[in-house]
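In order of appearance the chains are A, B, C, D, E and F, and numbering begins at 1 in each one.
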Amino acid sequence: MCVGLSAKVLKLDNDGAIVESMGAKRKISADLLEDLEPGDYVMVHAGAAIAKITSDDIEETDELFNELF
Amino acid sequence: MLNEAIEYLKSYDGPQINIMEVCGTHTHEIFRKGIRKILSPKIKLISGPGCPVCVTPVSFIDEARYLAEQGVTICTFGDLVRVPGSDGSLADSRAAGGKIKVCYSPMDAMEYAKEHTDEEVVFLSVGFETTTPSDVLSVKTAMDEGVSNFSLLTANKTMPNAYLVLKDSMDCYLYPGHVHAIIGTGICEELAANGVSGVVAGFTDKELVLAIAVAVKNAAKRKGYVDGVYSEDLAKENENKGFFVNCYPRVVKAEGSPKAVKLVDEFMEPSDEIWRGIGLLEKSGMKLKEKYKAYDARVKYNIPAFTAQGNKGCRCGDVLQGKILPSDCPLFGKACNPDHPVGACMVSDEGACSAFYMYN
Amino acid sequence: MYCFALSAYNVVIIRMKNINHDRTNAFELSVARGSPHRARAESRIDNINLRGRVTIKTEGINKMENEVVKLAHGAGGEKTAELIEKVFKGHLGNEYFTADDASVLPRPNGKIAMSTDGFIVSPAFFPGGNIGKLSICGTVNDLACMGAKPLYMTCGFVIEEGFPMDKLEEIVASMEKTANEVGVKIVAGDTKVAGKGQVDGVFITTTGVGEILEGADTSGKYAKKGDAIIVTGDVGRHGCTILLARDEYGIEADVTSDCAPLYKAVENVLTAVPEVHVIRDATRGGVGTVLYEISRESNVGIDLNYEDVPVADEVKGVTGLLGLEPLYLACEGRLVIMVPDEKSEEVVNILKNSPYTEGAKVIGHITDEHVGKIVMTTSIGAQTMLPKPGNELLPRIC
Amino acid sequence: MYCFALSAYNVVIIRMKNINHDRTNAFELSVARGSPHRARAESRIDNINLRGRVTIKTEGINKMENEVVKLAHGAGGEKTAELIEKVFKGHLGNEYFTADDASVLPRPNGKIAMSTDGFIVSPAFFPGGNIGKLSICGTVNDLACMGAKPLYMTCGFVIEEGFPMDKLEEIVASMEKTANEVGVKIVAGDTKVAGKGQVDGVFITTTGVGEILEGADTSGKYAKKGDAIIVTGDVGRHGCTILLARDEYGIEADVTSDCAPLYKAVENVLTAVPEVHVIRDATRGGVGTVLYEISRESNVGIDLNYEDVPVADEVKGVTGLLGLEPLYLACEGRLVIMVPDEKSEEVVNILKNSPYTEGAKVIGHITDEHVGKIVMTTSIGAQTMLPKPGNELLPRIC
Amino acid sequence: MCVGLSAKVLKLDNDGAIVESMGAKRKISADLLEDLEPGDYVMVHAGAAIAKITSDDIEETDELFNELF
Amino acid sequence: MLNEAIEYLKSYDGPQINIMEVCGTHTHEIFRKGIRKILSPKIKLISGPGCPVCVTPVSFIDEARYLAEQGVTICTFGDLVRVPGSDGSLADSRAAGGKIKVCYSPMDAMEYAKEHTDEEVVFLSVGFETTTPSDVLSVKTAMDEGVSNFSLLTANKTMPNAYLVLKDSMDCYLYPGHVHAIIGTGICEELAANGVSGVVAGFTDKELVLAIAVAVKNAAKRKGYVDGVYSEDLAKENENKGFFVNCYPRVVKAEGSPKAVKLVDEFMEPSDEIWRGIGLLEKSGMKLKEKYKAYDARVKYNIPAFTAQGNKGCRCGDVLQGKILPSDCPLFGKACNPDHPVGACMVSDEGACSAFYMYN
């Protein structure tokens, strides 16, 4: 799913990362990103973290709106 | 803010603006949230070829069904299970005794192969730039861990050539956020420089509404309209000037994910691919390099050539290119419906025809 | 009250009828230390306040934990009789339980309701319940939906050769507990053992007969324009729990099934508000499927406030990761109730004070427009259709 | 009356209620030539003497024959509704058939009887019947054994993904035919589709409710010293038929199952001779198992004349080759009846003139000696025990 | 089964014999006996004809009784 | 005539005569027809080691269960399915997922292997001279037809040495009709010449009654009794003279079946075998010759040595040797019953303890 559900990195090890989104946890690959750390927010797709997110706060869309529109 | 944008989209009365989504999840979320329902009649959304299932050719399903019949375990994303091949779907293969396993990720399929050494396991590798890195990761890990009963049946696609082919179908692309999270926005800037406009969009209701509003505003401006007032000068000035706005900056960075791009380039090379409904597009996909052929199911199992075409009556191609609405297809809702999909666009929840059917 | 003592090969069930709480009763139970039966035995004794008067010995062997169901248990001979006697009758026995071909039962009052359901859930044990509890709740709830007090139930088991005997007993014990809670009697049963691989674990089919409560008259055909649509709690828990319990997608979340017997809640509602038009339990197919069924059966349209549909965060997380719609995930302890709008507050209040329905909430209304369709108002205030239920639930990639 | 026409994908069932036999009705049926449905449609039309007034077209495609049951048919959504509508309702529908959670039914007269049974026979089709017919007979017979007229039945299906749709329809059509013969109404059903390999073909669980005939009072507990023991026909046919149909031992013989609904025979007997003490259908475990059950439940002994037990030659041949005891092979259309000796001739005569019980015969008597045991008089006049029923039937080598 | 169920040979071919006993038919091996012919009676054990029988008529036991007893 | 014999056996009042059946089917049919029930107290039937299941050692079941655990398909006569090994039966293996297939004949097992080339198939080759030729036939056919996934786990036994070991346990053997249909009656004549008496018996009620009557009459005569009248001269004269009568001439010929004997000798050679309850008897069984080792499951799968002994409390050995009745075993009917057999004699319907339990 591409859906915009961001996930928080709970744990990292050689094997990958455990991420959590609204209480749902899964082990995913951390191999597509540099320097992931616990506490980071990521977008997950097909079992891998594909992007680090500046913030989990989608409220920033409001700011963005003021900026872009 | 959201309300302001919604109000803008509802009451927009400038020149006709056509926006094309090229991401299945965009199509799906736009329908699910009812975003089309709030748009002024002057704004038209076209569902382009963004659903990897919809653009997967009939022959790919035939290849997968062939493998299942040979006793190979097929691992796949759920979307592909009901896609019709030339003589049935993978659900039919399963009902006939084939082993079809729905997986969350390519890596899960590889793990399954590792744990079931008595089975031959093939993962159906479909998807765009967002998904391909995960497919490659599963091959890399299989190599590292000596898993030899795992391979990919690839149908991976890449976006840039499709952007070029379809550039005259609309005024502005709604670029798929996660594709550009991987490949960055260089290509978008380049397209803009060549007169092709677009905005990168996220996936929440707010993000989509924002991106569409930004798209409409800029597209109107390009046509010489600002706040409903036409200026011929402005129109002239912008005639060949595309625009690009990243409306999803919390996720999409200009540089994308270099690590992911490098990984893909190490294992894969561009290939000419058939897009269902559109036809063969040069260098529009990725396949495993020759040196990784042990993980290429086509080579490994010497799959015969399947050349079947989709149903002639299906107009997926025109739908994907924005030439017609799904409801303009004579089969839509009659011979073709989600229970008995004729074309791939009717299969996945992300498919343009399916979404159109379900939400109307 | 039942106590469990374990002989060399079988659970021996000591059943004490009409126990006299004023007399001092002392029993010696021989239960292996660490056995789940011990905890169960203790908890039962606890329940009837006899703990102080019971000696529990911890010696003795408990072979049953290694025992499995074999084909011979299904051959209809002595082994079948033994299984019935030792596992089923011990838990489910009552004054109507019979060795005859059929139970002979008092005639119910008034009209009767009859319903059947098969349960093939895999895995058979999941957070919040097991297939045994489910099989009682399912049929009890179906009867309750028609305004019927569940009176009699039958249960048919198909068990795979090799199924652990202690697991079977755990299932049957759950059935006992749930049936007792509702006050329904299990009056007949059947057990078949299928060869290894002919059936996946255990399947149960239950059938129930109930008597319609006075004044009650509910049906999926009776939804009327203006009716409020109430759901009795957050949706999709059971489907989500099973999906997680199968562990096919590597996702973990703290979700338990909503599986629960809802007769008491229905009785409370119908006693106070007999005007209820429709009650239906949202099982397989979830609340979305029920809404489509009723729109078709009653020839009405439905307006749904999507944002009002209660969904647990964890369920949102899981369905978000997999691309599934919570409205189409199974519930096993949720009712959809349709009642004239002016009565909806009263019904919601009664439900909030009834067992298992504390989360009751109005989520929409019946309309005479867009007949057969469910139109939902989304987060951006747009109105769009809820996609029709259709196929097998398959997680999406994109 | 039902007629079948086949659309591109599904059997469309045209149901005509209250057909007026005096009026000229003409229907066009589009049925593929050579389709089994055509023969069935014709035979039905025949049955109501409308043949001359019906045009049967032979064009049209019949895709259903290639259709199979899929997981989507069990997902509870539109496909499930379609399956119920097109296959189940068409055959089994009646005034009580409902889309609601439970059927609402008139209150029966007097005491009711209730029984359930699961059917997992493999193969599902066998000479003399199929699992559908069996599932009706089994429960009808159980009710009949308690002296109950079968009124209502429910059926629960568990179907394996990939099961051919036309086979399913054949099963359901058999159920319809058998239920109609008995006059029992199928009032509720349930369908689950299990993944390939999770269930072997199709399993059916039926549950029946009946009303006890006036004056009838039978039970396995009521056998009395001196009672004659009657068996209603030759034993072991069903078990032998299934064994042959599985073709595991390479043996062929012309044996058909005795599978039959026995309510009418029981009604005939009980109306004339309400003094009958025991009726039990000898199903799984066969007549031998039933005799042991009753000796235990009634606390009596049984004297059996082994030479009087009717066994078909072919069954003797097959059991001889495999070393099996016919008394322990399943029947599905045989009753064991115990009645005071002086009434036995009358009962045998009634049975001889009732459907499916023409082969009725006295095979032994109840005694108050050797309680719980069955003593048989053998061909050499010796008396020895019938071995107790026990385990899975396994052919012997030596 | 050693049980004294005699079977009649119905058919013979390279593959073996089809025998019949009270209506129950089976293919068995004819390789343990010389010169089996259709119409012969045999004793069958573990899928092979192990003995040709002088006669199917177990009534001969009566004669035998007079002779041996 | 039958009635006359029955009358004789009922009213017999001569010296005590002990007769030993050494055929499982004899034991079973004698019980089933109630023949013991009509015998005068002066006639005692002892159920000797004639049931191939009863004499099969614990270790044989352990070997078969070992193979099942390795994923080998076990084909077997039904009798062996419930026989306890040291830690469970084949029914337990099956419940645990092992593939245990009950077959009508060794040839059927071979056919099964031929049709299922993806499985390794082992037939449990138990039985006496009657069964061994069929076992050998299956190997011969497998060779002829190139079936390489089929083999035998042998525990085949031969009777003559058991006759010698047990010769002092009784007055007269009831020889198994079908064993001697194969090996002929030479051995019986020889035993008679050495003072060991016996009659060959058939399997119908009449045949059994006749054979027992003939046995009693001759054994009494040997003890000096004719028609109840004792003659010391006669007793002396017959003291060391065994007798032999073929009471099953319609099936058993003096020469047996030379073709079957030859076939067995071609493929098999005598081996020392353990008889459960009796112990090791030299040259009391048959095993495949070295050159057919490809069909010998022990060799093919390199089965480890299993040395487990049966339950110490079980007195099968004494039962089989006629030293005690099953009911004299302290476990009989208590810890040991057909549902939970402790010893092999309680398993098969043919087993002495099982028959005794079921018919009493």
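Simple rule for what comes next: a residue touches a chain if its C-beta (ideal position, glycine included) is under 8 Å from a C-beta of that chain, and two chains touch if they have at least 3 such contacts.
If you're wondering where the values come from, they're calculated on a predicted model, not measured in any experiment.
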item: Starting at chain A, fewest touch steps before arriving at chain E; value: 3
item: Length of the shortest touching-chain route, chain D through to chain E; value: 1
item: Co-neighbours of chain D and chain A - touch as defined; value: B, C
item: Far-end chain from chain D, centres as C-alpha averages; value: A
item: Chain B on chain F, rotation in degrees - Cα superposition, rounded to nearest 5; value: 180
item: Most distant chain from chain E, judged by the mean position of its C-alpha atoms; value: A
item: Selected interface, A-B versus A-C, where C-beta contact pairs are more numerous; value: A-B
item: Residue-number overlap at the chain C/chain D interface, same or different (half cut); value: same
item: Rounded Å distance between chain C and chain F, as computed from the means of their C-alpha atoms; value: 55
item: Averaged-CA centre spacing for the pair chain F and chain E, given as whole angstrom; value: 21
item: Between chain C and chain D, centroid-to-centroid distance (C-alpha), Å; value: 30
item: Mean-CA-position distance for chain C and chain B (Å); value: 42
item: Chain B: positions in contact with at least two other chains; value: 2, 23-25, 77, 91, 104, 108, 127, 130-131, 339
item: Multi-chain contact residues (two or more partners), chain D; value: 70-72, 78-79, 249-251, 321-323, 388, 390-392, 395-398
item: Per-residue multi-chain contacts in chain A, two or more chains; value: 1-3, 26, 46
item: Those chain pairs that satisfy the touch definition; value: A-B, A-C, B-C, B-D, C-D, C-F, D-E, D-F, E-F
item: Sites on chain E touched by chain F in the complex; value: 1-4, 26, 28-29, 31-34, 43, 45-48, 50-51, 53-55, 58, 60-62, 64-66, 68-69
item: Sites on chain F touched by chain E in the complex; value: 1-2, 4-5, 8, 23-25, 29, 77, 104-108, 127, 130-131, 133-135, 137, 176-178, 181-182, 202-204, 206-207, 210, 213-214, 217, 245, 247, 249-253, 257, 259-260, 263
item: Contact footprint of chain D on chain C as seen in their complex; value: 70-72, 74-81, 99-120, 122, 141-143, 145-146, 148, 152, 154-158, 187-192, 194, 197-200, 203, 205, 207-210, 212, 219-221, 280-281, 283-286, 289, 292-293, 297, 328, 330, 388-393
item: Interface residues, chain D side, partner chain B - complex; value: 9, 68-72, 78-79, 161-162, 196
item: Footprint of chain D on chain F - complex, ascending; value: 2, 6, 23-25, 31-38, 51-53, 77-79, 81-82, 91, 102-104, 108, 126-128, 130-131, 205, 209, 338-339, 348-350, 358-360
